[in-house]
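Below, chain A partners chain B and then partners chain C, in two separate complexes.
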Partner chain A sequence: MRLLALALASLTAFAPMPVMAGVTEAIREHILPAVEEFSAATADLAETAADDCTAEALRPSYRQAFDAWMGLSHLSFGPLETDGRALAIEFWPDPRGMVARTVEGMTADADPVVDDPESFPEVSVAGRGLMALERLLYDDALSAYGAGDYNCRYAVAISADLSRMAGEVLADWREHAELMRTAGAEGNARYMSENEASQVLYTALLTTIEFDADQRLGRPMGTFDRPRPTRAETWRSNRPLRNVTLSLKALRGLALTMSDDPIPATEAAFDTALVTAEALGDPLLAGVETPQGRLKVEILQQQIRAIGDAIEAEIGDGLGLSAGFNSRDGD
Partner chain B sequence: MIGRRNFIAALLAGSVVPHLSWADAGSPAILGAAREESGGYALFGIAEDGGDCFRIPLPARGHAAAAHPTAPEAVAFARSPGRFAVVLNCVTGEVLARLVAPEGRHFYGHGTFIADGDILCTSENDFETGQGRIGLWSRSQGWRRVGENPTHGVGPHEIKHLPGDILIAANGGYRNHPDRPGVKLDVPEMRPNLAYVSPDGELLEKVELNEELRLNSIRHIALGRDGLVAFGMQWQGDPALGMPLMGLHRRGEATVLDRMPVYEAMAMRGYVGSIAFDAERRQIAISSPRGGRVQVFDETGRHLRAIEREDVCGIAPADRGFFLSDGLGGLMRAGEALHPLAKHRGRAWDHHLVPVMA
Partner chain C sequence: MKTTVAISALACAVAMPALAGKPEVVQNYVAIAHAAYEDSLTKAQELQTAIDALLAEPSEDTLAAARDAWIAARVPYMQTEAYRFGNAIVDDWEGKVNAWPLDEGLIDYVDASYGGATDENEYAALNVIASPSFTLSGEEVDAAEITPELLSEKLQEADGIEANVATGYHAIEFLLWGQDLNGTDAGAGERPWTDYASGDECTGGNCDRRGAYLKAATDLLVSDLEWMVAQWAEGGEAATSLTADPDAAISAMLTGMGSLSYGELAGERMKLGLMLNDPEEEHDCFSDNTHESHFYDGISIQNVWMGHYTRTDGTEVTGESLRDLVAEADPEVAEAVTTDIADSVDKLQAIWDRVDQGESYDQMLARGNKEGETLIMAAVDALVAQTQEIERAVNALGLQEIGFEGSDSLDNPDAVFQ
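Right after this comes the complex of A and B.
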């Protein structure tokens, strides 16, 4: 943080540089509002938990906090990547079952760390955040706790920790936004040229499109012979499809701020996928277990990938950006 | 460029004998291949401060280069599975030789010089049998192929050598075929290893990881102090498992795997593109262009720090740290903090940076 502050101090000495199209708009209209909303939603979660930490009382705030998270979880650079914050907020995918193991370990041992807000951030990322809290609020074996029980205090600790992290992300984003706006200025080691700020947004956009298709849909799809519906993200809280929809809406918002020119093909591709997602009417993506249901999810998956193609053609070519000279080339 | 012009002027004036050194090529610290704004490709010699020492056009996208230990000559390899490599005079830019892999062989994109710089070793695949080969090429005999040795494994990628010309091959474990570029063959059966091979091809020691790490393809190597070998891996299973991606080995000792925080391991997305020690050989860095991350470790495998940088891949030793390069044209020095050295618009640095006179 000290280095960042120094870098910022030296930056203010220079006249603002012209930043590539879209960066200022993306920060003002997309990023900061999403980060602020997440901070507010987790503050509300923490407040609710302090008041009544039973599962039933907490669930509505949990859902809102998760909805808000879907507005910024794709910003996979800078503040969310510092010290693994994104995973501490949401530990998923989790093929090893680390969340289950950590949460069960905490509750079995009644680890007193939940009563110490100073030490709680040192708990493994798998035992904190939205996925650990989902276990406490929605897992039948864990959620039937009463006020004052260990799990209740654990839920309070996770909620407070989420609110703390969201506050830090907000503070860091206000600083990071300045680094992005001054991309290419002397002394800006994070963004060495003007186009690097657009480039990180562009990469985040394409990476998350891929994540929605390959992880959020691909994991529950499994293989044709072995579909894995309980590998879907947040299936306990009944929101696998909702996350896909909210993610696509957030990405659509980001895409629109990034380009000065109209992006009709990209918008159309988003709309197609969003209509298909809505028509699925299958919040759990449980349809992956039947050949017909699987086909429907596969169609959605293809439509999401098609958004990526449209983005590359319209936004990438328009701004002279390309993704992954090395990341897409193996060896 | 100035070095080259001065040299040619001096040559014309008859004041030098044509016995060239790297100083004549501008004393580059590292070599790196890149795509340029025009869409063409070139090999660059890069000075300690990040400036260009020379630029030599390449016929196609490169992967890595091998720098001759004393003469200003570089071998530029095509991307795997390629069948061509070019030997370049880095002072004049002239192509000294074109190396063509023999029938039934393709290059894997890396090489190293032994025998005081007379023999170039290239990592190769005998693509019918899948057995790894080290091709041997003699510089003093006009870059003639003079033999080959086994790598004692499948799919060798980077090769390096220890004192006594003992070769170390990173046998990645899976096969490729030139007819199917980009396709990995036989991944379910893979059994990668790190092999120490004597100059006459004998297996001296073979390092295999535990069964549960079978899908971790050992691909890149860096050399530390007292025979310490660091290797970077590419996990062919689920990247979200956050498997170890860096190992340390010294002959006759047990292998040590990296200890990264789980979130950094997952951020690497199961992929290490390049590995290097710093100039003091006390720290090791691995890069993942897929994760936009560099992870730095000490000699015991303890994690020291993470560096976030989009499409970062090339790493080479630098004074108190590392040179880093990325696909956006950025060239940096990373010590405790990141210092930009150069940014060339439209230049995309390819996978590897190769130290000169290392």
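Right after this comes the complex of A and C.
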């Protein structure tokens, strides 16, 4: 319904020519390692599931896969945008409760699509990916299944589908990396200048800072009178705060690769927020239900927003960049 | 090509005193907005007349006439949507008239398959039409009389839930068509006219209260549109603030085009519904009018770019265009934007053509419908591609972020997710 922060691309007046240090480093040190790790983690998830798909057996691999996902989920352009993969890997936020409805529908009907790897990718994104799997592994009403049960086969199907998508993302990223490295070269219609390649990274960085503050923290915070702890991301698997922390660490890594010049204010802002997050000691962000606890989460939220300000001042102004359109500009 | 872009962008940024023509471009943008909101108002008033006729003499025919009037009312309104993002005055208001998707059980009876209250929304099945009083977020609400104030002040976004949509086009749409229970099969909502009949003929219960709700929602739509027309008239707040700062206005124009293209239309309204295979994620889900809504959104973007709008009475509003302004800075980028927008409009037209051939938009969302998916994704991809060119146009003009000063979302981030 509402306007997300809108910021248009620009070359600031009197800005120096863009310094292109960032893109190559970001690809080599940040993006490709994260994509490889996610591919490995989901391959492990799929193998584990093929061996033993019960909830208890799968949970450790699930946690690893989600951790790895936090390393690249902010790269929402290019390979993760193709075929809507980002949505299919993690469908959240979910204000209309589509995951619950879809997963419960699949299990109630014992939809045979789970036994057909060819057709499974056609299932609604609310019935696939990490959020659907979280239901099967952590929802008390769904997770008590045995080795031969429908839900077990469903968990196998989701795990294999995740691994398939991660493999495609990896293959696509190797190609996309080349496009970014050759930004501005003759015939490169995707990145017509070096500036455009820097800009997508910069947009991803700022958009995800905003997402961490407004969605990952803002959704469970709700309003003062009406906190909403069960709107937190992945609360069933006890990782709302962990996701925030891992996201910030990944963004810190990206920020550091983007600028040739030191970015002390940005680093300090990340550190401040990470220390606060650690000190919260509240993995579920359940504290939002008390005035005192809510205040602590609100402070973290403000510190995360302050990271965005530091990034704009140090990286944006330094490189003559500001954020472009992003896929979350809509409602 | 790439060096041209970079150099010209930088040249503008450094050497640029305001380009000639910006004030005229902005003036035309304001004139188009005013005309399109005025047309929206006129068509909403015609809808109001048709609904008065339905309520005075409920019948198959008067219901059909009201539905036709609703569809006609969407045509100019959808063409205002490129004004929404980038103009806080529109964005802060638009939830009243076009909020979506909705948990329609808040308003009226629903099928058993709809379910009841959800984790997210305690009031998803409140059914105000059947409830003269109820408790909302701990407060006792007297709904014996259904008034525009009840809808706008108590029910709209009740309990802080955006899916509690009590007002606007989609609430009216639901009251005219009812739920579309055909899933991804053919057919729209099939509410019988007898839902508005009196005495023994009344179906669905509480026909008089349903009529009162429909009347209140329609009156509210008309008054909300009246307010917006005034903002764009000479001396109105939107008109005055944009003409006072043409640079900011140009940013607002491009922001509106890009955000509607990408995050909103391509993402939220098209790709998401497709990926969820969910007919309730289609924009006009009760009436199955989604293909028209999407198409006129595409036209809306084209209108802003070309500086041209065809009014519902056929007259033309035209003047200096954003396209010309960008062409002065970088003709190649201007040409690319023009071509890409024409392409997305073609792709949206292709979806409409498919509907004319007998397959509705919700059928295209069905799991495994490859042809439908291909058609929808072609439009999505075209919209994403045009966004990239719009971004290049922004760079070509060397624009700053000045367009967003005073925007609620930047000054007060908390306001965004209220």
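Here is the rule we go by: the second predicted complex is superposed on the first by the 304 of 331 C-alpha atoms of A that agree within 3 Å, B and C clash if a C-alpha of one lies under 4 Å from a C-alpha of the other, contacts with A are read in each partner's own complex, and residues count from 1 in each chain.
Operating definition for what follows: a contact is a pair of C-beta atoms (placed from the backbone, for glycine too) under 8 Å apart; a residue touches a chain by one contact, two chains touch by 3 or more.
This is a predicted model, so every value here is computed, not measured.
Peer 1: Taking the superposition on A as described, I'd like to know which of chain B and chain C A:Thr266 touches: first, second, both or neither.
Peer 2: neither
Peer 1: Of the two partners chain B and chain C, which one touches more residues belonging to chain A?
Peer 2: C
Peer 1: Examine A:Arg226 and indicate which partner it touches, taking first as chain B and second as chain C; both and neither are also allowed.
Peer 2: So A:Arg226 only meets chain C here.
Peer 1: Regarding the shared-chain residue A:Ser39, is it in contact with chain B (first), chain C (second), both, or neither?
Peer 2: Neither partner.
Peer 1: So, A:Pro93: does it touch chain B (first), chain C (second), both, or neither?
Peer 2: Touch partner of A:Pro93: chain B, not chain C.
Peer 1: Between chain B (first) and chain C (second), which does A:Ser247 come into contact with in this model arrangement: first, second, both, or neither?
Peer 2: neither
Peer 1: Could you say whether A:Ala185 touches chain B, chain C, both of them, or neither, answering first, second, both or neither?
Peer 2: Touch partner of A:Ala185: chain C, not chain B.
Peer 1: Should A:Ser237 be classified as contacting the first partner (chain B), the second (chain C), both, or neither?
Peer 2: neither
Peer 1: Now for A:Ser193: first (chain B), second (chain C), both, or neither, which partner does it touch?
Peer 2: Both chain B and chain C are touched by A:Ser193.
Peer 1: Is A:Val125 in contact with chain B, with chain C, with both, or with neither (first, second, both, neither)?
Peer 2: A:Val125 sits against chain B and chain C alike.
Peer 1: Of all the chain A residues, which ones make contact with chain B and with chain C?
Peer 2: Residues 3, 81, 84, 87-88, 95-96, 98, 124-126, 192-193, 195-196, 199, 324-327, 329-331, which sit in both footprints.
Peer 1: Name, in rising order, each residue of chain C that touches chain A in their complex.
Peer 2: Residues of chain C touching chain A: 1-3, 5-6, 9-10, 13-14, 85-86, 88, 91-92, 94-95, 99, 101, 103, 118-120, 137, 159-160, 162-163, 251, 254-255, 258-259, 261-265, 267-269, 271-272, 274-278, 280, 367-368, 384, 387, 390-392, 394-395, 398-401, 403-404, 407-410, 413, 415-418.
Peer 1: Quick check on the complex: what are the chain B residues that touch chain A?
Peer 2: So the residues of chain B in touch with chain A come to 35, 63, 79-80, 108-109, 157, 182, 219, 234, 238, 240-241, 261-264, 266-267, 273, 289-290, 292, 308, 310-313, 326-330, 332, 337-340, 343, 345, 348-351.
Peer 1: State the interface residues of chain A toward chain C in the complex, per the touch definition above.
Peer 2: 1-15, 17, 81, 84, 87-88, 95-98, 100, 102, 119, 122-126, 183-186, 188, 192-196, 199, 213-214, 218-219, 222-223, 226, 230-231, 305, 322, 324-331
Peer 1: Under the touch definition given earlier, write down the residues of chain A that touch chain B in their complex.
Peer 2: Of all residues in chain A, those touching chain B are 3, 77-78, 81, 83-84, 86-88, 93-96, 98, 124-126, 189-190, 192-193, 195-196, 199-200, 203, 215, 324-327, 329-331.
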